[in-house]
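The next part holds the structures, each set out as structure tokens.
One chain, subunit A, appears in both complexes that follow, with subunit B as partner in the first and subunit C in the second.
Up next, the complex of A and B:
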């Protein structure tokens, strides 16, 4: 399998010299990263020429600290029994990618989800604006800087009947008589 | 069409293949389909395993989990007594609560059907309201899948064979990156603060370290412990025994993190600068303190901050008490302790060294001169072995031996040392003797796992080549013709279970006498107090079973006199002494400010 993976990597590299490959998995997987301009060509090439006919999954990772989104396509070759993670990164502040649903029609659904949940725009994507969220006004909720707890606190009211809840730290200090100094409280949970 | 149609005859028989299959009809009563293997349905909580750390409640993004008191669950060491209650109207079954649960008591089940018109009935306490959930657990966390980090950042130490060449400090301390990584493992539940005798603000200072703010960490630590670097190196750290992470992994290295934070302040001046203590204006009242050990220094420091004139009388040449003279320097270097004492003196605490109360100054003088008195006199005497020949030359108290070595005196112990005992003093004496190039054997009457010494100390001693003979009871010290120690005779013991439910007792086996050669014998089987300095006050200040009788404010039977440390508490460790000192300070302040 190791040889087969090497062979496949070399074939891809011959056509896409810019890719970076990660091949330290001891099972039937390797990863390639490529710039967003070439993502269409590499996916077409993998599907139509190299036999990676099946799109197993598509995901998006929010690299908040690096200011980028990473889209990961997992493709599978039934003949070689190898899966490739194809990764590409786009600018988080201007997240635009051309639609890819002509390669695998099911990408249409994924793209609608990414648009709604991460705010990534796919040029050429023909679909209604709303996907799962109804009347959503706020920022895309799958972004890491979306504060789920604050949203929940703001959106859902507190039902009565939960007033007996206690804070663990406070319950312990009450028991022991520990006095936490005021300036230290910001470090309490 | 032929007369005999083979196909038409055989084809209907294919219907026979349906014979063994279940019919597509609805069974009655209706049985719901079983959910998938990792299905995330209603919560189940093992109430006995749960320690009430509240991590589930903190992580919940929907504020669906409350921590509440349940009837019959008291809590105690390492258990807050609270248990999670889930509002299933808010829960979205993301299972983050399960993935951060340190004990693994919380899980999700295959149950997913619940219909009710009453919205209040969606408020459940998992485990209590669905005891049957245990059989249906489907989503749970293991040590591998949990989002907690169960492995401690390892501490760098000097290797065993290298260590015994000098008194250099064995533990090298965390680097900044290591400390941040270790501090980030903490879930800030605070269960540790309950068992800390001094109730230090552990989650707060660990969080400050994790956030990269070491100065805040130092300030938080100094809030109720003026000797934190000492504690950071040698504390008995009961906090780590109850750490929530320790239920399935290695406890947060609370002691090493305190050490890291306090070591960022390299000198007494820097401590002063960071802590920036607020010293109240002198109120004209004075407090006399006997003994500059951990309890005396603590009481002195916090009383001085509150504006009292504090004077300590110390019999030895240096402050620190048992931490100065009892703990070997490879565990607590002199400079480290000196730095902390310097800082305490820098805020105005006066210490009279080489002044033994009862000899250089009477107790009455101190009693009459000050508005209040605090005694942190410790246990200066040691129990003797009580066997024949124990007065031979070369037979000594381990505690005295450590005292002499720590004061810089030379003690000749020869090349074969026998230490009797299994506590930290025994291990310390053994490891110090190793550094004096002696072969060391420890005789302990119970098993190794029964030793009261710190397990890290026992491992350290073994790594340095100390030989431990467990279940050995010494019965005789054999002298040579010059009166020097020549050998020790001991009996092997077997462990007999205690009928009253206590720990197993060692019982000597007749005829198992063994003789081991020795040039020195050290007894480390316990210490006791010496209260002769009180002379006429001995009737007024009550002593019971060798310790001062005090109330919960450290006040003795004489309202003006307070006491703390080994001479009061039975735990006999530095952090209990510090706690005593801190409590006494508050009580003295309360008493004197009323006048």
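Up next, the complex of A and C:
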């Protein structure tokens, strides 16, 4: 398998000399990093020329401290039984990438989700603005700097009587004067 | 007189699918001219929640991605963590994992029997199969403590060893189910209604299946032999003897025949696993979960579920919590890209059987 991976890497490098390769995995995988301008070309090449026909998954990772989003495409060759992680990074302050759904149609769905959850704009993506979120006004919620606890505290309110994790039956008793039933006393604090 | 185009909303609660999802249809008469998948009814932000939990705590959310067959998600997560960390899993745990995964497949297929037939108005099959599924759930209850959600396959192995006498119970259940399959054939596959409502309906062509990224029984129903258990084997599948059934046609009928054969193959696998089950440890203990940091990097592990490829991507920044996790379910492709295309030209009454046969599971689309 090691030789096969070397052969595949050399073939890719012959066409894309700028790539960075990571091949220290002891299973059927190697990684390729490329700039965002060449991501379309390499994915087309891998799919149409090298037989990496199946797109297993696509992910977006928010590297907040580095100011970048990393998009990872995991492609699989049914013939060679090898998977490649193809990575590209985009500026977090100006997250724009051209749409890739002409390569694999299912990327259309991924792009809609990344646009909504991470705020990445895909130029040429023709889809309704809303996918999962409805009437969402806040910042993209899957970004690392989106504080879910603060959002919940601002948006929702605590139910009266439960502010301090008080026992629910005791709270009801305090509010309504209703007695704790006999059978429930042993469960009450 | 020209027929007017009407908009029809199917869902969010609908017998064709597990969970909540809506399909907006444009119809002329009773023929669909456009279909749009609308999601957003059950998003639970699991991937965001996992960023705030340690690596072990994340495991408890895995089973909730898909109710009918929760174990492949647990398996994918456990294996992704093990790949990233380089953690070895004991042999016995690998066999037990395969046993659990195949039992889960059987359980999910029993539920599919019910769903697929229920969508055609053939309710008896569903009543039988859901009853038979209970025997599998009994096994799960004894093994894991849970009937539907198991939280059993975790990083390092499995959560507990097989109880005493469990293997015999599994074999008895397999004998029972195998004898029962003839009844399903009589009631379902030999049924004219089932044949007429499924043959030539919801066709996915071989070329389009590859182009659209279709996986699992839907792909095998197009005549393409593809199964992760064979192509990218994990655990001990490479030591087991089983076949990957395929069918030509790409319609609901072909997919049903593939699933029919896969039930038999799962029974075959389970018997081999019981026969080959080694003794020994079932768990390679992880360190204190609060201090358990994974090396910087990422990993992706995938498992063959009854709907096809189910995968888990994890990225670590070297800390005790994930930087990012992502769950890839088969329905992410089948429920949006594929469904929207296959429904065009279909009859309104075929929407539910088509959705069932494509394995559309909305919790996989919005996690």
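Criterion: the second predicted complex is superposed on the first by the 161 of 189 C-alpha atoms of A that agree within 3 Å, B and C clash if a C-alpha of one lies under 4 Å from a C-alpha of the other, contacts with A are read in each partner's own complex, and residues count from 1 in each chain.
Operating definition for what follows: contacts are C-beta pairs under 8 Å (C-beta built on N, C-alpha and C of every residue); 3 or more make two chains touch, one makes a residue touch a chain.
Please read these numbers as outputs of a predicted model, since none were measured by experiment.
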item: First (subunit B), second (subunit C), both or neither touched by A:167; value: first
item: Touching partner for A:182 - first (subunit B), second (subunit C), both, neither; value: neither
item: First (subunit B), second (subunit C), both or neither touched by A:156; value: first
item: First (subunit B), second (subunit C), both or neither touched by A:148; value: both
item: Partner chain in contact with A:3 - subunit B first, subunit C second, else both or neither; value: neither
item: Which of subunit B and subunit C A:74 touches, first, second, both or neither; value: second
item: On subunit A, the residue positions that both subunit B and subunit C contact, one per complex; value: 148
item: Subunit C-touching residues of subunit A, taken from the complex the two chains share; value: 27-28, 53-57, 59-63, 72, 74, 76, 78, 81, 83, 85, 104-106, 108-109, 130-134, 141-142, 144, 148
item: Subunit A contact footprint on subunit C (complex, rising order); value: 39-40, 43, 45, 47-48, 51-52, 83, 210-213, 226, 231-232, 298, 300, 302, 309, 311, 313, 315, 323-324, 326, 328, 332-333, 336-337, 365-366
item: Touch list for subunit A against partner subunit B, complex; value: 148-149, 152-153, 156, 159, 161-162, 164-169, 171-173, 175-178, 180-181, 183-185, 187-189
item: Subunit B to subunit A touching residues, read off their complex; value: 52-54, 57-58, 61-63, 66-69, 80-82, 85, 87, 89-90, 119-120, 123, 187-191, 193-194, 199, 201, 203-205, 207-208, 211, 216, 219-220, 223
